[in-house]
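All chains are identified by letter, namely A, B, C and D, in their written order; residue positions are counted from 1 within each chain.
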Amino acid sequence: MSSTFGTLFRVTTFGESHCPGVGAVVDGCPPRLALTAEDIQRQLDRRRPGQSAMTTDRQEGDRVAILSGVENGHTLGTPIALLVPNRDQRPGDYAEMAAVPRPSHADFTYQTKYGIRAASGGGRSSARETIGRVAAGAIAEKILAERFGIQVVAWVSAVGEVVADGVDMAAIDRQTVDGTPVRCPDPAAAPAMTAAIQAARDDQDSLGGMVSCVCRNVPAGLGEPVFDKLEALLAHAMLSIPATKGFEIGSGFAGTRLRGSLHNDPFVQKGDRLGTLSNHSGGIQGGISNGEAIHFRVAFKPPATIGRAQTTADFAGRQVALAAKGRHDPCVVPRAVPIVEAMAALVLLDAVLRQAARCMGRLQP
Amino acid sequence: MSSTFGTLFRVTTFGESHCPGVGAVVDGCPPRLALTAEDIQRQLDRRRPGQSAMTTDRQEGDRVAILSGVENGHTLGTPIALLVPNRDQRPGDYAEMAAVPRPSHADFTYQTKYGIRAASGGGRSSARETIGRVAAGAIAEKILAERFGIQVVAWVSAVGEVVADGVDMAAIDRQTVDGTPVRCPDPAAAPAMTAAIQAARDDQDSLGGMVSCVCRNVPAGLGEPVFDKLEALLAHAMLSIPATKGFEIGSGFAGTRLRGSLHNDPFVQKGDRLGTLSNHSGGIQGGISNGEAIHFRVAFKPPATIGRAQTTADFAGRQVALAAKGRHDPCVVPRAVPIVEAMAALVLLDAVLRQAARCMGRLQP
Amino acid sequence: MSSTFGTLFRVTTFGESHCPGVGAVVDGCPPRLALTAEDIQRQLDRRRPGQSAMTTDRQEGDRVAILSGVENGHTLGTPIALLVPNRDQRPGDYAEMAAVPRPSHADFTYQTKYGIRAASGGGRSSARETIGRVAAGAIAEKILAERFGIQVVAWVSAVGEVVADGVDMAAIDRQTVDGTPVRCPDPAAAPAMTAAIQAARDDQDSLGGMVSCVCRNVPAGLGEPVFDKLEALLAHAMLSIPATKGFEIGSGFAGTRLRGSLHNDPFVQKGDRLGTLSNHSGGIQGGISNGEAIHFRVAFKPPATIGRAQTTADFAGRQVALAAKGRHDPCVVPRAVPIVEAMAALVLLDAVLRQAARCMGRLQP
Amino acid sequence: MSSTFGTLFRVTTFGESHCPGVGAVVDGCPPRLALTAEDIQRQLDRRRPGQSAMTTDRQEGDRVAILSGVENGHTLGTPIALLVPNRDQRPGDYAEMAAVPRPSHADFTYQTKYGIRAASGGGRSSARETIGRVAAGAIAEKILAERFGIQVVAWVSAVGEVVADGVDMAAIDRQTVDGTPVRCPDPAAAPAMTAAIQAARDDQDSLGGMVSCVCRNVPAGLGEPVFDKLEALLAHAMLSIPATKGFEIGSGFAGTRLRGSLHNDPFVQKGDRLGTLSNHSGGIQGGISNGEAIHFRVAFKPPATIGRAQTTADFAGRQVALAAKGRHDPCVVPRAVPIVEAMAALVLLDAVLRQAARCMGRLQP
């Protein structure tokens, strides 16, 4: 179990789906930052299910409490403990699934790895675990924004077969993203995505999709080659989000089909800095940010828990038919948007601190 | 600069392209393993350039020396230092590129991040850095094979537009892979790939591609949720390889288009264990290996250094034309095969050790 | 701020003296361990102030809640979050000391390092921070006891000038230690210690002392040379406890005066293992446990906060007289006993897990 | 095996006593530092045996080579690999000790932990392992000196019963320390120490001792509470040196006998900063440097390998008489002086980088 992420700005999350609470401890947060629970709550609300017909209507209404590390509205530089109580601490809906590992879920692997697993819900593999990430990420992105003007914006770029390619990465903001329930700012694609999700729901089925993310105003020089290249850290962060199956940066998999003469990003003077004309690199060269916008995409599989009956085996190997009860998200990507943003912010702030260490610029905050 | 990878089986690489040598220190290697330089040399030879017309003909002929940690052909459990001397320690070929950052190369970002950079060659961003990875990975895969029967096999699955889809992941081995210079075991695709690389070379251009990898006989239970899920560690490892732009596991990006009812992998009894009928999960569920084959793909961009003239800017922002001299790989994916294998082995062995710790099975080796 | 301790069994503590709560997250705890809040509470109660006239009479009455990681009385292998609410969340007693950094306290250094500090109490330097350590240590020692029969017992071996040298390390247990309020099992020394503390209290002054600790039944082979030698980890752990000034293991500082022929511990067969006749080594040779009892001592300075007036300077450099109000421990060593035990247990369990990893004995818990 | 020390300035050492070479990889070294092999050689020469009649006369004559990370006399910010070849790669002197674990040496524990050990010499527990530390420390102290004016000076403060208490910590420098072969700058104690060592040598015996160290001009604000308090890191570093048994900082163990009113260090304005009148704290309060001189002492046991016959047991438990052949240091403390300095410098520079990260002062070197 590795529940800590980051080298200097370190986040440790805790909590199963039905224990007393979930949360995180953020260690290494710089001191003297203005911070309130409301700064964190904003992103938690975007992560919450039940925001629209797109997602499950369990009303979680999670409220975060800051337990430590903040006094009189400012960070002390000490660990910030964040807690969100679980309301449904012992529901029965999942009980009859105990003997049958849900296909493509974590029931089987948790049982194998630990020899025990949470009696109900998904335990640590539950989406509720991401609450701690989003809360911690909200702190990171506040520092990034206030100190460096960095903007991190994610959106839904695909739902099933529906792909959004009419999004302007230079202009997009969170308000625009939240303009549709499906969090896709492409006006042509959004209604089609909504329809696709509704159709899957009507079929008691689920749908995968993609989340894209852009990070603007990132200073050049972030990333720690050779093993902690910035894209390697982003890939690690994104593939640690539940239900993810892929990560690509800049030109990504499509770029493998290009020749170097087309793929290379020529340098050109941009104001007082050297920039690039194109950005197939996705803002990172040699594992280090180059000052251009960082952009990447994350693949999410269709949720494993579906209402449709599936033929599978129980833990004893006997063939059974399994149909999930209760309500489940037919598509997680709209809710994954703030999670992707959070993980990106955690990576960037940690990279900022590591580069600042190297530069030994100042020893007093 | 983070040059260490792994939690318990830890690899630290060192060396630039033109310093006295490159290598690695492997810390945490279990004791009493039979190990000789030849075990390591084998994979180094596969990584070496100049193996065919497919790759650059610089004859590196790198020979690894074991400096410590091994005595009388067995590991002591102490750090294993590995050194490969550089032959060309100060060539002049790159000199005139010093004032011009090569497009999509690491010249600009290294200079910005460190305020200094290696005077010639790519410094740490050079492909020579991967020698240390391959050497360390060879040790890891020997342990994995001898102790658990784990097999790690990678191959070239795409070069430019040419995609190999006739590869049997259950049967493929390294001998088959090495059957063609392009390291693609698909008899239809391999000649087309070779032709594509030759064409790019004739045009003084370069080509991207993909490397696929399968890990068989991996025991269930590996991976450390929530942040060190096995796929997250693999993604981190792969995106730390030079020139990579993407990672996908199992169904990957294509899986985002499926519905859950098609994507889920139903359980079924397989001999004495519970297995899955399909393997869209790629051998990992909830971040933990499930006993099925782990398979993933890595995207490599076309090499940035090309002989064709490119219009770009020098460090002062002045427009210049740049054409690389010397010989350069038009396509790196054949040589990337052992690097992908090495990084996969490093991830798997580290995960084995972490899981063994949890189980507290034995305190004497 | 580094609030995490350990490599595989990792403890992250949080909380200031007057925020909503203090606690810890324990990550990497092996699964399937029987665990209840009561297992933890026992050591917390021993740490609590107000147990006798020896210590401050603030009635903290701290009760620990397990927030996650335990279900139906067993650990899940997931992070265990532990919370102890603070009762006095914003007292005023310390307010007038805000402008004057208390001599030999952390007020000045926290202000300098962070540019801000907790408005009252000692913030993270407060003794309340150790609650998280003791809670986590209680989990570690339960595993050590149940799995390996390891016993960790600490006691007060000096208070000021009074030194206890009539303690039998082979026989001592916690019940004996708790037989006197001063936690010294030497019947001659204990009353003298009590008297010395009372005298210091009457003088509105404070007293230092020493805590000794023995760890019995520790298997040979623990410790990770060269930098994580077992004694190095113990020294790190002990010197991270507030108010400590020294650590010595085995013969310690006195051993520097011996010749090798007297200091060396000759080997001798002991039942089915090789043991040593003497134990100047303190149970560790070459950084690795040798199967003999591990024993060490920790020096605690007199508490910095005293009621007597002291001439010092305020933050502006002006000379002032400072006398602490409220009640303060005249001597912390009796309460430090469970803290030393906790830190020792954390070191030992982490070392057990690291050695188990090396041995790759089992991959299923 | 943990052969890496440090969080941001990370040192990994490698090498046994009789393998091809010993050395270190320094990762995280800031770029653009002027550095030559001679900067490193100076401290290696001080560590070398055979400098006087005080120490073993094996002429090691170790010369360090910089393999990577430095170009044209300046650091690149990339890993610096350092190698010192072993001359005596397979001597036979130790051979007959193979069946008999040397008392208080690491033979038994290495064999138990790893199930194998170096066939001759002390393997990783050999003093030769410290070569890598001293080499890395020399780099660290150069940065500390050039950038912050920090001075690290250690000296021999006790040999056996002879204690040096006439040393002025504010004035002492390395030249003065090296003024006597025993590296004790107390003119009264030095000759007595020399005589004591000679007497032990004549008796084919060995002697312990103490090394003291002062670090001047350390800026306030270093150290990472709560677990990486500066004294905890120093204790960890010092107890990782072979043959150490204790560490104390400031008033240390003697301070436990004082009352708080005497022990506290009152604040007073010193030029433009707040300082303290006394320095019982040893320059650290609450785990953070306060701007005063840091001073501490390290206890070294008498070397385990002695020429005198000892009655002990072989690995089979049979009683045997063992007398070491060859020449051995009767007292290691004079040679330990540069090792203590090296480890102190590693701790301080790492603490500087961690504090600089927090302050986010600059992102360009």
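Throughout what follows, a residue touches a chain if its C-beta (ideal position, glycine included) is under 8 Å from a C-beta of that chain, and two chains touch if they have at least 3 such contacts.
Because the structure is predicted, anything quoted here is derived from the model rather than measured.
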| item | value |
| --- | --- |
| Per Cα centroids, the chain farthest from chain D | A |
| Chain pair showing more contacts of the two, A-D and A-C | A-C |
| Centre distance in Å when chain A and chain D are each reduced to the mean of their C-alpha atoms | 45 |
| Separation of chain C from chain D, taking each centre as the mean of its C-alpha atoms, in whole Å | 26 |
| Between chain A and chain C, centroid-to-centroid distance (C-alpha), Å | 38 |
| Contacts with 2+ other chains: residues of chain D | 1-4, 7, 13, 28, 31, 77, 112-114, 124, 221-222, 354-355, 358, 364-365 |
| Chain B-touching residues of chain D, taken from the complex the two chains share | 1-4, 10, 12-16, 19-23, 25, 27-29, 31-32, 65-72, 74-81, 83, 112-119, 123-124, 364-365 |
| Chain A residues touching chain D - in the complex, by the definition given at the top | 7-8, 28, 30-31, 77, 147, 219, 221-222, 352-365 |
| Chain D - residues contacting chain C, complex | 1-5, 7, 13, 101, 103-106, 108-110, 112-114, 122, 124-125, 129, 158, 160-161, 200, 203, 205-210, 220-229, 231-240, 242, 244-253, 255-261, 263-269, 274, 276, 280-282, 284-291, 299-306, 308, 310-315, 317, 319, 354-355, 358 |
